[in-house]
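Each of the next two complexes has subunit A plus one other chain: subunit B in the first, subunit C in the second.
Now for the complex of A and B:
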């Protein structure tokens, strides 16, 4: 976790030196102006949530896109700086960290997609278009991957098996264990969260930390009322 | 052969055990083993079909447990076989992340042809995904870079083999000779480190 705090700190520093230069003003389809700081924070939370959650979470493609353009923008500005300037060193270190977060976030999602391919695809098929969790690119990747594995299985093994034994692909679906325990921190006070099978309720104070099966708090995480740690 | 009919599923389990125990990146595809398991599945299946029809006509209840037992053995064989293939899939995927889009020659020998196809297809979709991950900015994010959280901008590396010239982003050209040591930007040499051309020294 110390890495994350580290990143946030450096980002603050940069905000001081760059001032208004970091404000992201080319994003006008959002009503509110969103600062680079906010984008990074959202992305960090999304990254940590994604790493800790057993299932795949809604994609943060918009935030990622903003961040990519931000990184490009900063690189542009840094080109004018002297290579040995202290600020250049701090900035490029910061950029490295941001890149790592983005790459790690996408990798983590890909890994989940690869592991739970069929399960995720089935779920996506039953979701409303606004509710999709994968970005279009990820959906394409998932579909390609699924057919790829199937083709491989078919070529090597299943085509040689007796007929009745083939049509059991649904038995091979890997599903995430949603009841695995996660650590989480409440962002705001959440009253009466149901824990356990016997309808036991717990009030979460803002900032309090808990260990709890994921499924019981999945909606809190999606509403950003709580975050995984 | 006689032993095989006594112990259903033994061969399939062996496949898995061998894969699990091998210390290589990926052991050679056990063509023979896979074929034997498939044959066993087929043999069990045929026996079962034959007896199931006897069972249907004669209604001999004593055949019932035997049928169930064979079916279970068949399922187990199938499961072991697919688990074997799936585990290999996973290792092949790891190859893509480790070595990039081209399989090193010595490893390629260990793969069977459908596996090579699988690798190529996987590699293609991954590359397509990474290209599109940069979105409209036209900057693809190379996900196989930045594998570890960055600790410092530069790292000290030792060269393990004669690599020749290597150009850095700022146009500087360095000669990577065997046993020479360099202090280089981490981001640019990461892939060389992963390929084993450079080693990271503390």
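Now for the complex of A and C:
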């Protein structure tokens, strides 16, 4: 009976080096402890933020990896259970939900990478290794996607065109509109946020909701002081 | 965002059910629920409640606010107030819709409740439209949206941010062409770009 029960409570451990930049700045030298519940909440917030933000946000690859192994672990434990067992049904329903969040999150990022390929690659190139926004897999995808698109265009069209129309790669870069308006909810009280023209400032109370151009609050979202809705 | 995603997010709300079976607590990733004891109410996430109800394994206890008197009061308050009042639940439409469609028998005066909830929603929607109209005409770029629920925000998502984006784009073009043609600038400031558009959009 108790084989499934304790699965979700297992404490997950992640390497401090990989987990750097996550919320808990524990001074533990070796390992950082984080519960599966916390991982799921982080992922969920990241998923919603990603869906609402115009630009690509820092990847949550570490969290995803933890969640994937958690899901696999639970499935492993559930294998012995009868398919019609109440617990098995509920657990597998939850796993489906978790899997949906993860898949939707990744799909959303891929969509952005496909749309803003060149822009994202340029930005990544100018970033320090520590604040890269794409995971290594996504970087690989973006590079291959870019070169494939270029090659395809070259094959079917640009090679037949006069020279001056070829060298316009720079102009073809699609960039996200960072000034697009987003809905935002403050997690904590944030004093003096510049909300628009003439450096007008507003204090956001915890839990309050606003509509505002994305760029003005981009840092709040990355610091987890606010989330998009 | 898809309405289905709004529902997905709303399904996380906790709701009370009365199971007709007993079980040990379940340790879900999202947190533990239970223990289940036949006949005793227990809080579970809404997605689990609707599933169990479909399997005839429980009765759903309607949330406290799903009550004629309370809702009538909210409706009156909503009519009186110029601003949006606080809703009893962050996802009231989703919860009401799911509970009433899966378990109409568990909710007393279900049909009347449905009507009054729809009324509240309609009042809020029309208020929202009026304020959006005023907001866009006022050429703002920022607004506070306290007490609006996710579904209501979503209902204006196709129009509000996009129209604001477009206005911002026109303003940027206007400021750009102003710089180009200093001749025209005098007349442009008066007409197309708002009084306080420049500093922000020209960056």
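In the analysis below, the second predicted complex is superposed on the first by the 197 of 229 C-alpha atoms of A that agree within 3 Å, B and C clash if a C-alpha of one lies under 4 Å from a C-alpha of the other, contacts with A are read in each partner's own complex, and residues count from 1 in each chain.
Just so it is clear, a contact is a pair of C-beta atoms (placed from the backbone, for glycine too) under 8 Å apart; a residue touches a chain by one contact, two chains touch by 3 or more.
This structure is a prediction, so every number in the text was calculated from the model and none was measured.
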Look at where subunit B and subunit C land on subunit A after superposing the complexes, then choose clash or fit.
fit
Which of subunit B and subunit C A:91 touches, first, second, both or neither
second
May I ask you to decide whether A:148 touches subunit B, subunit C, both, or neither, giving the answer as first, second, both or neither?
first
Looking at the overlay, does A:172 come into contact with subunit B only (first), subunit C only (second), both, or neither?
first
In the overlay, answer first, second, both or neither for which of subunit B and subunit C A:72 touches.
first
Give one of first, second, both or neither to describe whether A:161 is in contact with subunit B, with subunit C, with both, or with none.
first
Is A:110 contacted by the first partner subunit B, the second partner subunit C, both or neither?
first
Is A:140 touching the first partner subunit B, the second partner subunit C, both, or neither of them?
first
Should A:100 be classified as contacting the first partner (subunit B), the second (subunit C), both, or neither?
both
After the superposition, pull out the minimum Cα separation from subunit B to subunit C in whole angstrom, please.
7
Shared subunit A surface residues [contacts with subunit B and with subunit C]
89, 93, 97, 100, 104
Interface with subunit B, subunit A side, in the complex: residues 3, 61, 64-65, 68-69, 72, 83, 89, 92-93, 96-97, 99-100, 102-104, 106-107, 110, 114, 137-138, 140-141, 144-145, 148-149, 151-153, 155-157, 160-162, 164-165, 172
Residue numbers of subunit A touching subunit C in their complex, please.
1-2, 5-9, 36-37, 40, 48, 51-52, 70, 74, 86-87, 89-91, 93-94, 97-98, 100, 104, 177, 179-183, 195-200, 202, 208-213, 229
Across the complex, what residues on subunit B touch subunit A?
34, 38, 41-42, 45-46, 74, 78, 81-82, 85-86, 89, 93, 112, 114-115, 117-118, 121-122, 125-126, 128-129, 132-137, 139, 141-143, 145-150, 152-153, 170, 186-187
Residues on subunit C engaged by subunit A in the complex (per definition of touch)
1, 5, 8-9, 21, 23-32, 47-48, 51, 57, 140-148, 150, 153, 157, 160-161, 164-165, 168, 196-201
